[in-house]
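This structure is in structure tokens; I'll ask about it shortly.
So that you can tell them apart, the chains are marked A, B and C in the order they are listed, and the count of residues begins at 1 in each.
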């Protein structure tokens, strides 16, 4: 096992449990994410994958356990404070502001003017424009900046949401099914995008597409009934008899 | 560069034209064609525009439907009425009372001294402050309690309606302090200036119009700021905004308080122009009617809100004078029509049908981008 | 204030006060049940709910006149016939409204609220045009008049007992329908996941319409029952609407037990406070308490913690 006293972990999840009226969606879960790691969480439906992300970003409150991000206790923080601490999160269904332009979507995520009066008197200066154009290029949407987000394809919306997170420059990026609904070509581009992203930060990805997982994963965690079933490299996990049992046994 | 085209200026050319037309209607057209009695009536309608503009920001942009705007309108109106009532209740004017110098309704209810919380309303500066501050503080308390606990949508609407019920029952029940169901009546002078004369009413109409334009410009500034775009974002994807690092509750509280402040100014101007304030003007039914002013104008259009308030109130006066039975049918149908058939109200009809035709007649401006109608998807 | 009364008189006062609280409780339950179905199960805000109740009341008024004029012999039982008709009249109107309005607005709850408010104005004016602006009352059959002596000092009015029994039986009926029948299972399935319900072959459009109609029908029966304890006017429905919504929200939308528990606590609080304070202050304090608690616990008294 790993040496858990190692201070180099970006994220430490320990003994995490959440129960909904007695049903334990996540049960005594522990895992650790290192810097520049791309951790993929897989598991059957209802294994608690999305709930884990909800817990880390503060959308759901844990019943017990601890989540520490760079030494900060996330369980004691509000959602927006967790974001400012450096955790970004993409939702399962692409959540972009359809009534606003791609530019405005990215601008709202720009990490400045987040207080009420800051937003009221926010000035769009050269630095903001430059950063938005930079991100737009990364997410393949340079030509779409003036379009309303409603007119983007499903895959482009997924990219836009990833871009909205990148502009915040988080140290930990959590992506819930980033390639769902994408074409093969789009998946390839996304995998390439993710590899570039990981160079500067840690990423947690939930994904079902095993080809894609093999493409991007540094380590894989298999969840089953709210607990870690297996953890390690893609190869290790694929050959773990417990995983085979859960996926193929019945 | 692509982004050079993306601008959110404070006023577009289209806005400037819109506000210029509105200013012409309020300051030139109406005073020119209406007699002093009707002008005063339109001044009264315009006080509701303050509420409607606040609702454009809260409900149209922010998705927060308040059925309690009457409270804020009323609080502003009562603050002003208390000042005017105290001025009207000099010991000389009230010498026949058993306790001279206090408002008549207090005397009728066997009060022998002015309650302490009436005292600040001897001062005009304090009153003017209270006209805005009292509604804003009240909105802050409600907003803080509800929004930090993520109460939204219909639940928020129902709670605001319950608060209206509580406040009106309280005002009616405590008639010794508030004037009860009759309200605060018989208001006469403002610093010795008789507000009941025709000249005073005309002057107040223009003051009201000017204040309305100040409020419109504030609303326009908010709408065009990043905060204005955030409101739309929060309405559609509250979680995404939250997880982009915004404290959504604070923004909702802000916009709710701003709407309340607008409504308070409107209420005060109502009291000044109409000469009284009563609970029947601010109860559950009037409060929900204020929403229809905004909806008829177009829930996302600041200028539309003014026209909505004017048109609905004008129709109400006209119909209930000549066909009282028809008015409720008409108003009911209006509620349904504006939801089912014209979710963008007058502003939507203008942008979709009238403006394109006008632009065709006026070839020089055909290059102007069409109205940003796509922004106007109905909120939940 | 109590020193003027003897012990047995005090007991009697509290018993009678408690009983009037129970009548208020029954009234609240009757008002809220229809809404608990429509708002609690379907999530639809129906601001015209009060007008559906009043329709039931007017139907009862019409039938009471009809029986008095043409079938005086059967007058003692007209009320049961009236309830039956009230249910179907309000239910049929509900079905029409669902078809014309509500079904277009399922994804826009705030717009539903405004549209149904418009509907309530139209219905009010219709009642005023048809039945006049004055309040009307029904003649109560003889067997329902008077009161039942329990001890020398405690008497309970029979119509009050009748309303209580009615509230109890309708509650049981609604409970059985929602939680013990296949139809109730369909309604709850749609509420949970409309697409899935569609996919497994539930006729969601028809179930919605029936649910709405039954909710309105129950409101009609409630209105019918109200004629036994008070008179009916065109705008009477509007007076109920705030109370009714608060009862349902306070109980926790979606929980029938919660609705009944909240009706009980609100009615008892109000009738006890009415003994010490003026009626309007009792009302203010009750509403204030309810709103205050809702601010602390917006999900209401009874709700499950669910994962989103």
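Just so it is clear, a residue touches a chain if its C-beta (ideal position, glycine included) is under 8 Å from a C-beta of that chain, and two chains touch if they have at least 3 such contacts.
None of the values given here were measured: they were computed from a predicted structure.
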| item | value |
| --- | --- |
| Taking each chain's C-alpha mean as its centre, the one farthest from subunit A | C |
| Chain whose Cα centroid lies nearest the overall Cα centroid | B |
| Rounded Å distance between subunit A and subunit B, as computed from the means of their C-alpha atoms | 43 |
| Cα-centroid distance, subunit A relative to subunit C, in whole angstrom | 48 |
| Rounded Å distance between subunit B and subunit C, as computed from the means of their C-alpha atoms | 34 |
| Touching two or more other chains - residues of subunit A | 59 |
| Where subunit B touches two or more other chains at once, by residue number | none |
| In the complex, subunit B residues that touch subunit A | 1-3, 5-6, 8, 222, 225-227, 229-230, 232-233, 236-237, 239-248, 250-251, 254, 374-375, 377 |
| Subunit B contact footprint on subunit C (complex, rising order) | 45, 101, 104-105, 107-115, 117-122, 124-125, 128-129, 238, 242, 245-246, 249, 278, 280-281, 283-284, 287-288, 290-291, 294-296, 298 |
| Residue ranges of subunit B touching subunit C (in the complex, touch as defined) | 59, 63, 65, 145-146, 149-151, 153-155, 157-159, 161-163, 165-166, 169-170, 172-173, 284-285, 288, 291-292, 295, 325, 328-329, 331-336, 338-340, 343, 378-380 |
| Residues of subunit A touching subunit B in the complex | 57, 59, 78-80, 83-84, 88-89, 91, 95-101, 103-104, 107-109, 111, 113-116, 119-122, 124, 129, 132-133, 142-143, 145-146, 148, 150, 161, 164, 168 |
